[in-house]
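Next come the structures, one after another.
The following pair of complexes shares a single chain, chain A, combined with chain B in the former and chain C in the latter.
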Partner chain A sequence: MNELALALGAAVDRTPDGKFLLTLQFAKPGEFAAGAPEGGKGKVSAPVWVVSATGKTIFEAERNLAMQVSRHIYWGHLIVLIIGEKAARHGVREVVSLFLRSPQPRETMWVMVTEGEAKNLLMSQPGLEKSSAQAIGFLARSKAGYSVELKDFAAMLASKGGEPIASRLGSLKMVTTPSLGQKTPVEEVRITGVAAFKDDKLTGWLDPSETRGLLWLKGEVGKGVVTVPCPGKPEKQLSLEIIRATTKVIPEYRNNKVSFTVRLMLEGDLEEEQCDENLTKPETIKAIEKELRKDVKQKAELALSKAQGEFKADIFGFGEAFHRAHKREWRMLRDNWNEEFARAEVRISVKAYLRRTGLLTKPATLRE
Partner chain B sequence: MLEGGKIDSKQAIFLLTTMVLATAILFVPAIIAHHAKQDAWISAILATLGGLVIARLQVTLGLRFPGMTLFQYLEVILGKVLGKAVGFLYLWWFFHMNAEVLREFGSFLVAAFMPDTPIIVFIIIIAIISAYAVRSGLEVFTRVNQIILPLILLSLLVLFALATKEMRIIRLLPLLDTGVVPIIKGAITPLSWFGEMATFLMIIPYLNKPQEAPRIANTAILISGTFFLITVLGVLAIFGPALSARWMFPTLNGARMIHLANFLERLEAVIMVIWVFGAFVKISVFYYAGVLGSAQVLGLKDFRPLVLLIGVIVVALSILLHPNILDLARMLGQVWPPYALSTFEVGLPLILLAISLIRGKGGQQQ
Partner chain C sequence: MISDQIMKTNVLELPMAEPGLELTRSNALHIIKNRCLSIHQVKETTNLADVIDGITSGDTVLLIDGFATALINGVRGWETRKVTSPEAEVVIRGPQEAFVETLRTNTSMLRRKIKNPNLKIETLKLGEVTNTDVAIAYIKGIVHDDIVAEVRRRLDAVKVDSILESGYVEEIIGDGPLSPFPLVNHSERPDKIAAMLLEGRVAIFTDGTPEVLTVPTLFLEFIHSPDDYYEKFYHGSLIRFVRLGALVMTLALPSLYVAVITFHQEMLPTPLMLSIAGQREMVPFPAFIETLIMEISFEALREAGVRLPRQVGQAVSIVGALIIGEAAVRAGIVAAATVIIVAVTGISSFMLTTSAGITIRMLRFPMMILSATMGLFGLSVGLVTILVHLATLRSFGVPYLSPVAPTTTGDLKDVLFRAPWWAMFTRPRLLGGMKDPQRQQFRLKPTPPETRE
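What follows is the complex of A and B.
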């Protein structure tokens, strides 16, 4: 332990002169074990240490970086690989290959892309976790947005039937609270959507609500919240938690035209309502389900139009679905799949069910 | 009698299963996935079925000459001079195959775990241990294997069960995407692994019930085929065909995928344990076949003096064979299967059987 420098996060950027800038965040085991330093007790030292170096290849940058690190760099605990926007637009194939080729880094680390410099995110100091790399790791595991592991990213890169995507990462400056012993502003990392690639190059961004649509079309919704206007009272809202969601993509090939039918289904429980609505009435439930269908469909179409129109990139993996259903036709289409995808007609149908309303039937505080 | 020991049928099944499975699970899945893509598991089944046929051929040959090993009846079938000449070819094959396995053994450990250690260190260590096992005789390493094989199979099952969370059956679709030819191409490499069953011809005379040899060979092939199939299915369902074919050791990466409840992870150590134990048994079997065969071809009364000598030859050969790991992978994926199948695994046994039938050599007493 005393001879190893444990890297928690790696950031890859591109410098203006075409070199790679590699930044590593190292854990300081002593500070980690000591727990959070309490306010006013003197020694306040960050539990991590961030170092950068440049090189013509990432590995060369790592060797240059090692000259500043007194210990042997250990990659086995790497939690996240963050790629800066410039490096991502330039192409990420060699970055991904490097981290898979080397036996130390895990294939299960998260891959994220950030607008601007990736280095800055490793420098940020979160409030709850000891290092930003850990904070990112926990965020990714909580599935806030679309989290991609290195091996999944590599599989998407290697497949002709779908373009890669990765989480989009941003940061947020929080205010300082001197009463809690904070001296410097805490900077929090946060997941702000999805980065869409075409082949191995970054092509654009999806915001959080487009990301919801992407999750729907990829069949990765899992859990989440849907907020829709109250039936009959558009200024008030109600929120449902998704308990179960399924996505079924049915590819069709007729008259030399590719089309998809996407069937979405969700079951939700009511969590919060501002409507003062009597939910015991069947027609109210029906009306809420209608609003749900509208909302899901609209988000899915938002993501779809961006992928088909702006990116012309199949970020949903529809190509894989087409391949599974029509293997012969796929052989003709696979080499210009993105153009076929952009032309394809996609019909989205949604079924939504409100199953439970928690422990209440009507709002408890309602005066009758 | 050069070898005084006897092993029973169950021990023989265990020995042959480890011999085939030990290296197949690590090096072969990527090679099949390269050819057959998501249909690699069909290749695995085909290879197992083909393995049953090959083993049938080899055992039929072996049973015609009760109490004799391959090298002894070579001289009966072909006459003294030609028999010895073919015997030397077979010896070369056993040495060569063992050198390849030693190289595989070292390559994996260096590539995946200890990049700074020279490969010869691992090769010499395992060769010394195997030399000791071979010197002690067939019974000894057969019994060691009785402990090792259940551990290997159990570990493989546990790894598979823990990795199911990462698997998606949908990655195996569409069926028969690339057509039949790539599936057959994909089956050839694992088939040559099952063809290593030719080594059984050196062991049949030391079974306490030689008449059970066909059942032993079939059971060993079915067990190793099943576990090989499980491995291939697991790898494909975790990574999909494209990535499976790109890894050097997809099974290792599959084990690395396991992470449960944030504490049960980094299980590739289990793969290393399987590898070291399995390779030890495999190397010992080939080593033993080479040493015993040499003693018989040279007409010696004892094989022990040859152990060290042949060990040195095989270790040196393992270093000289390949300049790098890619050359080794090319050998295993492209050169070795057609070479081994067409000559020592199927070709020669077929010719020998034909000649012995025509010349009426060998008895039918079984």
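What follows is the complex of A and C.
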């Protein structure tokens, strides 16, 4: 164990001369032990070490990198694979090949795509965690965006009825606080949406609100917040927490035309309101539910129009749903599915229910 | 060796108070035997060997002029240790008495537990030089007759100089002479021996030791304790599962640690991996050497603690805990995780009864070598080898792993799970045979009275 260099994060970029730039983030085990100096005085070294090397293939880059690393590189604990924008636009099949083929890296590592250079994200130093790879891992697990594990990413790549997507990562410069002993600005990584692929090439980005729409259409919402304007008072807002959400995609094939009906259902609890509605009245509840329906439908349509219009790529996996329902027709359509998808009519219907209003029915701070 | 008081009162004084009898040459033996010797055990013999035997055992022999017959008076008496509480097998709830060194005291303690004429005690003498008394006890009607016959046969074949402890007998009559596992169980608790007999086992008492042997022995007996039967059955059942866990941990935990650290780093969750890697950063030895050093020093500490007087023994454990737990980690000679592993293994090993505990503790060293050379594969090979070996063993004809393998479904009520007493309907099948399998009435489960008038 003492002879291993534990890689926590890997970043793959493309150099201008068409080579791969592999960056690995290694943990310095001494810094992770209990009782290791926790920041503050006497701390000179970062808990991780970031090294890069280039090569014609990623494996060659890894060999070149091994010449700088005194220990045996160990991939078994790799948390995250970040693909730089350039490499992603060039095609990711050749990137994931090594990580799937080699026995050491896990299929459960997160796959992320970043704008610009992926290397920079591994260099960033997070505030809470000791390494940015761990920070990204925890972010991914909290399902802030659409987090994809390597095995799912590979499955999406292999599927004809759905294009791959992965989380989009950005970084955020934090201000320096010298009082806390920080000398250089802390850079925090954050999830900024979703990267959409067409075949294995990056084709565009979805921003956070489009990502919500994507999650609705993929049926991956689970939890989250919906903020809608108060009924009758558009300048005030209401926030609900989603406690249950379901998505049903019903594919149809009539007169050589593909169409989909998507039925969304959500149940939510009211968490915060800025207006002073009387929530004991059924009409008020009905009105809020109407606003909810409007909001969810609008977000879903936003994502849909981007996928059908701008990307012409089925990032929702509707093809798989179509395949399940119409096996025979699928065989004719599968080879140019993306065009069919772009032409398809998608009807979205939303049912929304406000289930509980928390401990209050009226704002407690209201003067009667 | 002869009790003076008995000699005086019984042999000399009492006969003087017997008037009206005429003592002639022909009826002297008869009168002396029946009238004068008011002793509970008088044996008539014409055999010189019996006379010698009687004298060496502490009896007095009365030889009367003109008769070719000797009267052996059973007036043995000597200093004995008092019955005290058990030292090695302590229970929280249950009788606090243990066997002593005297055979007769021990058998009478057993008779007090089982007041039944079917409790048979056969005595014989073993040891060509020591002539040690040995007794076989069993309950006729419950025990399998073949097992008693087999015990008798094996004991008859014992031709050695001396029997100083029941361990001598155990090694000569036990099955699997080269197996590290104990194929004869022993106990110093009368209640445990009584329970063993009631399940159809045979007990072998040896004069001069409080440890009584029981056969046949099943492997899973060693995770049982008398407490299990005295406390509520939930407690008894759960604690047996804990003991089984302890058995597995004692055997495999250090080797699992060595295997994972040396070969299978991917098996640890990343944060744990980083933490252990951090601790091991300063350690100059490979994980195997490090664990071996710790385990051997643990065994040394344990042995030192056993041999030393009780007060000094405590000092040893304090020194051990301080030096190994604290200083070695601080000095960076061992990782803190290794200390934890060794400590948990040690505590687990204390949970097993001594004879099985020694075996398991011994076997963990070859297991560590296996996993240090072949990783988890070696560990599995070791475990499978041990299991296969256990499956081949038999104790007095009963498979060692029974009633689990071969499975006797009805007997599983008292292996890991301890059924409540109102549900212990049958006796163990493989031990006692099917002669009288019913132990108690059905429908013993207490219920509230039906009416409340």
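As a working rule, the second predicted complex is superposed on the first by the 361 of 368 C-alpha atoms of A that agree within 3 Å, B and C clash if a C-alpha of one lies under 4 Å from a C-alpha of the other, contacts with A are read in each partner's own complex, and residues count from 1 in each chain.
Convention: a residue touches a chain if its C-beta (ideal position, glycine included) is under 8 Å from a C-beta of that chain, and two chains touch if they have at least 3 such contacts.
Every value quoted in this text rests on a predicted model; they were computed, and no experiment measured them.
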| item | value |
| --- | --- |
| Partner chain(s) touched by A:199 [first = chain B, second = chain C, both, neither] | neither |
| Which superposed partner A:106 touches (first chain B, second chain C, both, neither) | both |
| First (chain B), second (chain C), both or neither touched by A:345 | neither |
| Touched partner set for A:6, first chain B, second chain C, both or neither | second |
| First, second, both or neither for A:27, with chain B first and chain C second | second |
| Partner with the higher number of touched chain A residues, chain C or chain B | C |
| Which superposed partner A:310 touches (first chain B, second chain C, both, neither) | neither |
| Footprint overlap on chain A, comparing chain B with chain C | 76, 106 |
| Chain A to chain C touching residues, read off their complex | 1-2, 4, 6, 8, 27, 29-34, 36, 74, 76-77, 79, 104, 106, 134 |
| Residues on chain A engaged by chain B in the complex (per definition of touch) | 76, 103, 106-108, 151, 154-155, 158-159, 323-325, 327 |
| Chain C to chain A touching residues, read off their complex | 261-262, 265-266, 270, 273-283, 287, 336 |
| Chain B to chain A touching residues, read off their complex | 111-113, 115, 170, 173-174, 176-177, 239-240, 242-243, 246, 253, 256-257, 259, 266 |
